[in-house]
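A single structure is presented below for examination.
A, B, C and D label the chains in the order they appear, each numbered from 1.
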Amino acid sequence: MSRLPRGGRAIAWAGVLTGVLAGLIALPPIEIRSAAAPVVVGLAALTVGIGSWIRGERRIGAYAVATGVLGLVIGYLATRSSVDKLDAVVVWGALFAAMLRYATPLAFASLGGLFSERSGVVNIGLEGMMLTGAFFTVWGADDTGTWTLGLAIGIGAGGLMGLLHAFFSVSLRADQIVGGTAINFLALGLTTYLFVKLYGSQGTPSNISTIPAVHLSFLGHGFVGDVFGRLDLLIWVAIALIFVVWIVVFKTPIGLRIRACGEHPRAADTVGINVYAVRYGAVVLSGMLAAAGGAFLSLGFNGSFTPNMTAGRGFIALAALIFGNWRPFGAAAACLLFGFASALGVALQTYSLSISTLFTALPYVITLIAVAGVIGRSIPPAAVGRPYVKQ
Amino acid sequence: MSETVRQLPEEQLPVSPSTLERYRILQKAGGLVAPLLTVVLAFLISGVVVLLTTGSVVDTAKTYKGIFDGTGLDWFFHVGSYQIGVPFTSARVWFPWNTNDISSQAAANLEQTLLLWTALVLVGLAVAFAFRCGLFNIGGQGQYLAGSIAAVLVATELPHVVDLPGVLLILVSVLGGMLAGAALAGIAGILKGTVGAHEVITTIMLNWIVIWVGSYLFDVGGPLQTKAAGAAGAVPASTDIPDKAQIHVFWGDPLFQGLDVGFFVAIASLVVYYLTLNRTTLGYEVRAVGHNPEAARYGGIGVARNYFLAMAIAGTFAGLAGALDLLGWKFREDITDIQSSSIGFIGIAVALLGRNTAIGVGLAALLFAALQTGTASRSLDPSIFPPELASSLAVIIQGLVVLFVGADVIILLALGWLRRRRPQKAATAT
Amino acid sequence: MSEAVPVLELRGITKEFPGILANDHVDFDLRRGEVHALLGENGAGKSTLMNVLYGLYRPDEGEIRIGGKPVVFHSSKDAIEHGIGMVHQHFMLIPVMTVAENIVLGDEPSENGVLLDYGAARGRVRELSRSFGFAIDPDALVQDITVGQQQRVEILKALYRRADILVLDEPTAVLTPQEAGELFEILRTLSREGLSIIFISHKLNEVLEIADRITVLRRGKLVDTLPAEGATEAGLARLMVGREVLLRVEKTAATPGEPLLKVVDLHVRDERGIEKVRGVSFEAHAGEIVGLAGVDGNGQTELIDALAGLKRPEAGRVELAGRDVTRDSVRAHFDDGFGHIPQDRQRHGLVLEFSIAENVALHEFRTAPDSRLGWLHPRTLIERARRLIREFDVRGGGPETHAGALSGGNQQKVILAREIDRDPRVLVAGQPTRGLDVGAIEFVHRRLVEERGEGRAILLVSLELDEILSLSDRILVLYEGEIVGEFPPTVSEEELGLAMTGGMHAEHAA
Amino acid sequence: MRIRTIMVGAAVALVAATALAISSAGSASSTKSSASSFTMVIVTDIGSLQDRSFNQLANEGRIAIGKKLGIKTRAIETHSSAERIPNALAACRLGYKMIFEVGFLNYTALNAVAPKCPQAQFAGIDQPYVLFSKKPKNAAGVVFTEEQGGYLVGYLAGLEIKKEGGKQIISAVGANNVPAIVHYISGYIQGAKKADPGIKVLANYANDPTFNDQAKCHETALNQIQRGSRVVFQVAGGCGLGALKAAKENKIWGIGVDADQRYLGPFMMTSALKRVDTAVEDLTKLAYKGKLATKKDYVFSLKNNGVGLGSVSPKIPKSFVAKTKAIAKQIAAGKIKVKNQIKF
């Protein structure tokens, strides 16, 4: 890729930015009301994109074309919409805050999955591990009376689920996807069973100690204040976690070893790394992190649990991981994209209640398009999904 | 040359056998024994859960017996003198068992088990067929829903366009369901073949898309919501299909969700599945790609094409299941059902336990269908086992079965260990 | 010095795999500063013995002594701690990581006890490679450097761990004669520095060139340990195989006919977009074997893929018996009389889970009599397989045996049978004897010569110079995607080797 | 050795279980209750008994009346649409005298089974009798005027917000677009406008028919709060707990639904009650006495306390509560008509 001239690439990126601009100018706070503006700017982005494509800057050129078309359409639609509704829907601070809330449980699970998959173990059981965390955190908080212990218990339970997955996929060399599917079934059955058994017809008690929010009132009421002024503690933990995971995976010896086990376990074995131990550790850790994501959903919200409350988020987290090319920032970005689409889906209800249901499908459509358009180029760890047989 | 040179395990051998390869090994090693042991193990472990809940061994046994009775399989022990209707005719033949009496809970339960069996066989085949091509189809759920949505659409809208006789309307509706399932799964197949998008991710996304688009269609105010007047018009459900589009029920009361002819379609599908895989060039290609896509490509087989075809055929099976369920007993599509159905996921367990063979899928579907109806809360005596726990128990058992299916190594090891042990004993004895 | 305690002794090592006694009471000793060759055929138990030494296998019986003291290795970690370094035949390197990362993996320098100290890692790699005269960039990705350099990274890995015993498993298999020569220089330097080296090979000339002593294994048993001085190729070959070996294939002179395969100015890129075949043109005529020599990774794979229709060329033309097939599908190639023995028999040549009958039908199953209207006729498949099994002397199973259950040689016979039975005009054979035992090699060679006699044009792509020299009627040399020379079969190995490294081109690796 | 023992043991257990099943198969269906004893069963809609909505309330009513009358009761859960009819049939076969089909969508099961089960009486909760196309002689419809309850809480919220001043915006979060929820929201809007004509009422659906995904209702409510809403009325069962959490963390008012949810904290203004439990109890009592009238609807409204206003936060002026109660009387007397449909 370094063979290509840098200038061409810069122009292509400028095309992408122009495309974004095409949409932005028609939205608050700029809100140009003339339909011509976004169309012209969008067409400009389109032209730059096509030009870059022809000149060989294919990938970014394609991005420029995509953002150009998208910006044009969004911008045009925005100019056709009433200002009232537009102002109601597009409140950037609220949208971004909602995005962070949606993205947080996904980010925990996604980063957990990153450890597992980087070490060579596919983790489709993230969903079940999240659900386990969601239940046991509430149960723990109820039982011990404090959210800290509850969180610890929930994370521990997620770790146990990870241990189970590790035992079957690493030690017994069971098919990892099958094992993960089993974890999902088991977690759903077990948490619902225990929930009904322990809390009967009344549900979890309402006075459970919940994870506190962090109030940063000094941020005021601007965009920054709206987004970051009052976030749950776990959201901050998730943001910090992205950096921590990046450092651990790419800047520490243990990260090097984890990656080695996922790329070429035999090579790791021959230099004395215990592949089984590394994979066990990574999968257990993934269970713990996924459980923290589940804890955000239960204890982070109302301190209450409802059966199957994760509602497929573990699978989305897995998709985000793949979309993000098995990298912490990539995965986090994918989670944010998904979170933003979800937040927008809620906000767009202002336009039509009857098709609001349809908006709910939006994140999945976006993920599908993204997966189709980008994943082809993302390369998984070479040994992921393949059990290692020690000689 | 007189002596074959012994080969050491070569370094370039794959580090571990693929899932499919291991299934093959297992079939050789254990045949029916291995899956049977898997199931027994799962039931034993879940027995511990029941034991902890009920607190007594007797109650645990009673719970399991309750589940067994709930499946309707106890019907086979109700020998008497009864009659059964012959499909497509009004004739009735004598039959040793009670077949059509509202007071027979066993017959009704068995009808439900077999109805569920019909759907589970088909969604199981949807997963199994894709598996044979090396694809993990988690999208059975979405394909099933797509099939039933298309079927309800055709069955309710087509009569406005052209007045078809019932059988034709049914055929066209079922065909529509199959096509919808095929198209949906085909998307995942195409994406896998062309850009290499992992089918696990794409099928999961497609599931959600179908769920939400379906919810939109039948939601109150949605484009396909029932046009009925008054209170019935406020239901978030489709229009009811016309009576003539309902599939003939040959056992039980059509009003009470009796067993319809779709049951035979499922049996036929098992045969079609077996023949397609083992007796056609298409099946040959699909299996070759499933075992080793690279070798297939080198041999001149279009890998991308087969990914698409295998997924489309898988989707056809699931779509067929959706259409049959709709025309056989649902008669309408409602959004609560779209959102809460989980039959596609049980299909995964069916395919895994059935080891992707026709007979295996048939038997595994029976197990899971029976488990599902047996643990229905109506089947269990609340004084023995809390019925509200029963459905979770079924999910736990499913999870354990899948877990042990994946870990066939345990059983392989056990069998291998036994085999090795026996000759040793013989040796020490002499 | 030589009478001192050996640095390493293996006493009575026995290792059994299910059905195979891989090592049967093998004794071996290594003196300080010597190069001790371990010689044997494929499957003689050399690699097993070394894996026992490296802690990867646990011996069933026997003892390892280091410096006279018995040791037990539970893992390669223990072996590394006792100063043993191993250069595996298949490199244990992670392609997507840098040289430095690969070298320090498992024994990383750290900063504050937490972070990996990349600066220190790079520094030590530079230092090491300078002191042994390797020019290796610690920041290069392993997948971007040459095979010879990768091997040096492997040696550095051992040196970084302060190995004083270095085991090299078939190190020259992937190297040109020139690169091999450089490796030998390095080994001599290392042994002068006091390292003891175990050199595993089945190539007699190499062993005689580099080793001080030679230990010969045959079928898991120790045959003899003898000094290199005074040993001869013929003598060693007899020890190795247990009988006299035919080193040359008997064949008559070729009588080339019409050109059947014509390649014109072919350009092919690999998956990563790098042009690996750059303007190749040649012809292969009926009744001749054209040998394509070259070091691995010089474009052979891409060339074969383009010929077979597996990969679209960027530019150029391929003609099969006068027809332009450049853009045809793989299937169309087979239908037009193309035969292909893939380089990787297990990954590309066979569907291991398929029966022999199914495997031999791989190109024919779509047409009658194998199938009609999409309906397979299994009996036809089985009958054909039965006939071919007889004809090609496939042993180890019947038509319904899974290909994966066969030995490597018999698997290759199944592929050979499938391709030849279709009476192809052009046969491309990619490394047809890789990893086979002597008997199977003989069979494949004889059969290829026979097929030449049938008037087929055969393109033999091989990394084994011996094979190229003994079978080919003409030899083309592929270097960095270009054909850099054409030679008669009488050419010397040295001359060929020079061409394979780019002739007059300066050595780019060192 | 050990593994073989396990295998043998497993085989023996299997055989024993089968034998047990066979031997007792005949006696399974012989446990019919005698005609003299009155029994009652509720069959839920899809969802669990812990849905914090009509299933849960119906179950509470069942437990309460079971204790009061000393009769045998039971709950049968429905988990998929395939279970609707078999569950209704089973309720009939098990000999229950009074069968409640809970939830709108269960009307199909009642309609099919009731005519063939003359020995029992049926009641369809949230199902008007007109839905039953077969006009069963032994069934009654049970409907609630949710719009009246919604009206009252909307009215109270309107008064309070008008008093507090500032942005006159309140909101409601529905789980999805089904009749009962639409009725609630429609009444809520009318009531709010009555108290405060300048008020703006935001209404959104979380699109969660499973009533489980709290995060969805949470986000929907937060979106409304960001648009200025100062009272959040949840009409979404378990999902709605998320909406109330949003109200709590933003220090605005929350309003509960169906059951009295003031126990959730001081931020709760009140709740719109829908006494499914009372309905179950009342109808069971009638049936027990043999006085259950069929072929008609039992309407639970303000008139008979079937819907109403829950307990009210002490922070709300007493006068507002009094005013609301006066409105309630007017509605009950038919002086104020509350529409149950509205165009959003």
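Following the convention adopted for this analysis, a contact is a pair of C-beta atoms (placed from the backbone, for glycine too) under 8 Å apart; a residue touches a chain by one contact, two chains touch by 3 or more.
Note that the structure is a prediction, hence the values are computed from the model and not measured.
Greatest Cα centroid separation from chain B: this falls to C. In terms of their C-alpha centroids, the spacing between chain C and chain D amounts to 73 Å. Chain centres here are Cα averages; for chain B and chain D they lie 33 Å apart. In terms of their C-alpha centroids, the spacing between chain A and chain D amounts to 35 Å. Residue positions of chain D touching 2 or more other chains: 48-49, 176-177, 207, 210. Looking at chain B, residues 212, 215, 219-221, 388, 391 sit in touch with two or more other chains.
Going by the touch rule set out above, the chain pairs that meet are A-B, A-C, A-D, B-C, B-D.
Chain A contributes residues 124, 168-169, 172-175, 177-179, 181-190, 192-193, 196-197, 265-266, 312, 315-316, 318-319, 322, 353-355, 357-358, 360-361, 364-365, 367-368, 371-373, 375-376, 383, 386-389 to its touches with chain B in the complex. Against chain C, the residues of chain A that register as touching in their complex are 247, 251-253, 255-257, 259-260, 263-264, 266-274, 382, 391.
Taken in their complex, chain C has these residues touching chain A: 51, 54, 56-57, 75-77, 80-81, 86, 88, 92-97, 101-102, 104-108, 110, 114-116, 157, 161.
Residue ranges on chain C touching chain B, taken from their complex, read 17, 19-20, 22, 41, 43, 45, 47-48, 89-90, 219, 308, 310, 329-331, 333-334, 340, 342, 344, 346-354, 358, 361-363, 365-366, 371, 374-376, 378, 395-396, 402, 404, 407-409, 435, 437-440, 442-443. Put simply, chain B touches chain C in their complex at residues 1, 4-13, 20-21, 24, 278-284, 287-288, 291-292, 294-302.
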